[in-house]
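Next come the structures, one after another.
Look at the two complexes coming up: chain A is in both, with chain B in one and chain C in the other.
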Partner chain A sequence: MSTLAKRKVCLLGATGVGKTSLVLRFVRSIFSDTYQTTIGTRIETKHIHYDDHEIVLVLWDLSGEDEFQRVRLSYLRGAAGYLLVADGTRRATVETALALHHTAAALLGDVPRVLVLNKADLRALWELDDASERELAARWPVFETSAKTGAGVEEAFRALGHALLPR
Partner chain B sequence: MSARLRARARRRDHDYTLDDLRPLLVQPEQERLKSLEHKLETPEALAEAIGEVLARAAVVSQKRGEELASAMQPLLLASIHDAVRKNPELFAEAIFPSIGPAVRKAARAALEALVLRIDDMVQRTMTLTSLRWRIEAARTGLPFVEVVMRHSLAYRVEHVFLVHHESGIVLQHVAAEDVTSEDPDQVSAMLAAIDDFARDAFREKTEAGLSRFCVGELTGIVEHGPRAMLVAIVRGVASKDVEVSLAGTLEEIHRTYADALSHFQGEVAAFEKARDALVGCMREERIQKPTSRRRGVLVLAAIATLALVGAGIGWKTVHDRNRRFDAYVDALREEPGLLVTRTGRQEGRSFVEGLGDPLAKDPAALLARHGLDVSEVELRFKPIYSLDPPLTERRASQVLRPPAGVSLGLADGTLRITGVAERAWIDRARLLATSLPGVTALDDTRLFEAEALRTAKAAAATLEGIEIVFPRGSARPSQAERARLDAAARAVQGLLDAAPRGGLSARIEIVGHADATGTPERNQRLSEERASSVSTALGARGVPTEPLAARGVGDAVRAAPKVTFVVRLSPAREGS
Partner chain C sequence: METSIASSILASLGKVVLERQPDGTFLQRGDAPAWFAHRMRGVLHADTPIRVESLFPFLEVFLPEAEAVWQGEGATRIDSDVWCETAEGGEELPLEATALLVGPARLLVITRCDELFHERRLVLQRARELRITYDALAREIEQKDILMHCIVHDLASPLQTILGVLSSLDERDPPGEDGVLLDAALDAALRQRSMIREILTVFAAEHGGLDATHEEAVVCDLHVVLPHVVAEHERTARGRNVRIERDAPPPGSFVVADEPRLVRVLANLLDNAVRHSPVGGHVHVRVRGDDTSLEVSVEDEGPGVPPSLAARLFERFGRGIGPEAGTGLGLYFCRITVERWGGAIGYAAPPEGGARFWFRLRRAATSTGARAA
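Let's look at the complex of A and B:
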């Protein structure tokens, strides 16, 4: 028997890491980009099928964290999981992702999450070395993605969706 | 030894004490006392005992009076206060399903009072629309404000979303049949985000969130519950019924799905049956009068029709008057000698301003022809000399006063006078004509003198009265006929002179005759010779012979040796 479940998922990361670009190729959004700059989030939905199960990820693409703006914590409420996005070419964005993880974990508890290292197409220019990446991978599922080529994105969402399937 | 000591000594002797006897005497009572002691001194037992009778005691106490209630009240209040302070959400959640009806009841009472106040206030205002609604209120017996509200109620609920409060996930969604809906999950999540955003942005800490938003004709009405919210998207102006139905439905959903809501993880299948409840919120109300008010509608329609007819008649009256006035002004503009410079309406009367030749038609005389009265139109004309040809002609006629038989005509500034008039009139006309305004030349080629006409006719009569006598058989007149020949010559000359001036052309025939003697051929020849002889004699006397025609008739007309004259006068041909 097939089941349908819906999960609220937040996309978190520093400004400019490519969160929106990452999801735009794979999701359908009825809202314009301006929502993100005005109220701080954009909503997208992504349907993923696993055998008999269908899961709808309601993605809250929160505006990026930087020195000028903070993520609205109230938007995290009720999230079943989150996707942390960092830019491999900027090590500082990994730090931001870690800080956001701590914030989210404090609010949501130990919920499923994945770390996405974006801009895999610029792998040669990465500031993040393999050792650091291995260290991260020991703590979370880590995916190398490229919003530009689409590589790894689907896998990252499927992995998170799978972790959110009804038990 | 005292008596007491003696008694003690006796007891020892028998070895029985009161204590030994007591069990034998009062053991059952002792056991009951112990049991009671146990119950009183052991909290559990005491609680059990009181618990058994507490309910009955409360009932008995209630029957006796309010002693128990009064005693319990401070305790209960303190307890409730403490519970609310420690866990307000729990308390709110507990009373949520029942508080709605209570609040609505109170709100309804307050609203009715408010309606009466508004009614009173609105009664003081007066507009055209309010007048119409006031009539309806009087007719139906409803409070005026209710009629006003009823006219404003026209809406349709197009969407209802049941949204999980915390995650913004849609638990259930229904939409009107012909309404296209975007991804409900995205819409509801965005609504939740906006709700959060508004609260964060304005630091609003209360539980109440976004309750209403408007976009064009659409209104979003949000009803919040502890675990879920209902969002209705309404096209038009929603009545309070929508909010009431949302509140009732949300309470029902919280009652029915209490567990599913409190443990919600994203499994929306549990809320499949909530769809029916949401469908109950899909209300609509249209601006249509119930059929029972048809009579009233007909009355209104009749009033409206009468008003329309009245307005139509009024409009037609004004329109007709304007149309007649316009036609009148057009006629004035067409009229020679009149120049309309301005028209309009002033103080309820139409007016026409302009310039008018006194010889032109009187503008006032034209009013009646267009169905207008002097009282309706004020005429302000100043006199001028008009150079319009008909006016110039009229003026020429007025100045020259042509006699009978004379007519005037003007073409391209040339006044043409035709007919026969006395010489004196002709001379005066020739003098005055070209001095008339608008007359640049005079054409009098067809103007003839009456005197010349008379002279020509007299000469013709004279000529026809003359007979030239010839000796028998001769074609030469005798000497005695000279005087007659002279007279004939004068008559012909006079005739030829006067006829053209009198507008006549004269044809003179000289007719020769012969007596009956001799052969007809001879007589014919002789008569022709005699006519020719007279013609020659006249020519010899200076008379132009071209207009003369000589012919002989033998003895057929008058059998006598004579020559007679026949004059034929006819009107001169134009151009001759």
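Let's look at the complex of A and C:
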């Protein structure tokens, strides 16, 4: 290993889209069907290896944005990138994710980010149609994930981590 | 001795006290609670410098705010939000930090706050679960409404054919029992068409057919509409030997309403009144008003509305029972329509018996901008 870099990454998205489940799946390979809302911020770390590099992602899982709790913008300070999470079964959560993106981009500038459309295991119930997804994919790196089955989760985090490697 | 006891109390309350040093590191003061010692992988010497932001990344965003307190600028203490670390074994470690200035000492107190964390989560989780369930139900209802609309719409096409055929046969004026049966079939088909129209009208009203901004602009004259609707119902009423008596609103009785839907509201109330009137009964349509509104009431001499039903008369599917009951959408349509015009609708049981339905509409400005008389 030639380098070891530590990068702060924030997870942003509406309530109940599965941010915590994605982190738990990625960091500890576990999933629970029981929904537990996030209070404030939850922090986890994960080492990722790429050929001759290793990176440490410090994952800031921020409480969902809704009428009960706002995302505190100061928590974005120092983030090297962010993961926007939406729930494919709830179209409105995509709008929330995009609104959070505008806020984050204004604070952090043009840092690496990916858009994650979670709950791919419920594909038949998605409100987001293929055309909308293609439209999003034209502007973002988009990943369909399922925290439940694990599909796409590693790929999404690894893609963001790769973009954060020291050049 | 006293300092030692205080230190032990703080530790047993899950609090660790750290003092900020000029170089930005921290020194532990007093005893360490078990969770902190575990995180530090052992008991520290009092002079071991600690980089708290490395130990707790969350503090990266809190320390700049704490700095203002330690510099003596403004408040003498500041609390962080709750954040959650993961202890070894995957256990949640909810923490809260407080920065305070005690004499010259710049202190950072980190507290393990399991109870506060779990209570807060319980409340917030319940609220969020309810919100998610509410949204899901609203989406499901909307989907079912659309499905119902499609089904009802499809039912209308063959009915048109049936009505056409029955009307053609009726024109041949078949004699005797055939004619009676044909009239009964035609009446039933017309009633079914009316029910279908009612359902489709409600659907249109609920799903964006009405625009509140637009509503302010629509005006119609009760002086014109009321006689027209009553005249249309007189034929049906005569068939049941029911007589409709009405007031004559003065010319220029302008109200906030649009004519096609006001006709349907009036028609709904008149239909109900005629249908529930006894043979030989009377239906009274009265109009009265004040400076700001006009009220129309439709009164019949029927059995009235059972008290158990009165409270939900204007709700969706709040229909009565028996052969005279409709789709349960007529009065619901009347309510949502009148309310969108900024009016009100209601039912009263007159002491002398029968039923009295009324609706009140705002007077509208005339085209010259003055209020109608």
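Miscellaneous remarks
Everything that follows uses one rule, which is that the second predicted complex is superposed on the first by the 154 of 167 C-alpha atoms of A that agree within 3 Å, B and C clash if a C-alpha of one lies under 4 Å from a C-alpha of the other, contacts with A are read in each partner's own complex, and residues count from 1 in each chain.
By our rule, contacts are C-beta pairs under 8 Å (C-beta built on N, C-alpha and C of every residue); 3 or more make two chains touch, one makes a residue touch a chain.
All values reported here derive from a predicted model rather than from experimental measurement.
By the touch criterion defined above, A:7 lies against chain B but remains apart from chain C after alignment on the C-alpha atoms of chain A.
Of the two partner chains placed by superposition, chain B and chain C are both touched by A:40.
Shared-chain residue A:80: touches chain B; no touch with chain C.
With both structures placed on the common chain, the touch criterion links A:72 to chain B and to chain C. Of the two partner chains placed by the overlay, neither chain B nor chain C lies in contact with A:113. With both structures placed on the common chain, the touch criterion links A:90 to chain C but leaves chain B unconnected. Contacts of A:16 after superposition: chain C is touched, whereas chain B is not reached. Contact with chain C, but none with chain B, is seen for A:64 once the two complexes are overlaid on the shared chain. Taken together, the two structures place residues 8, 28, 35, 39-41, 43-44, 58, 60, 72, 74-75, 77-78 of chain A in contact with chain B in one case and with chain C in the other.
Residues 164-170, 182-183, 185-187, 189-190, 193-194, 196-197, 199-200, 265-269 of chain B are the ones that touch chain A when the two sit in their complex.
By the touch rule above, chain A contacts chain C in their complex via residues 8, 15-16, 28, 35-44, 58, 60, 64, 66-69, 72, 74-75, 77-78, 90, 92, 127. Those residues of chain C whose C-beta lies close enough to touch chain A in the complex are 56-58, 60-61, 65, 81-86, 90, 94, 117, 120-121, 124-125, 127-129, 131-132, 135, 139. Here chain A touches chain B in the complex through residues 3-8, 28-31, 35, 39-41, 43-45, 56, 58, 60, 72, 74-75, 77-80, 164, 166, going by the rule given at the top.
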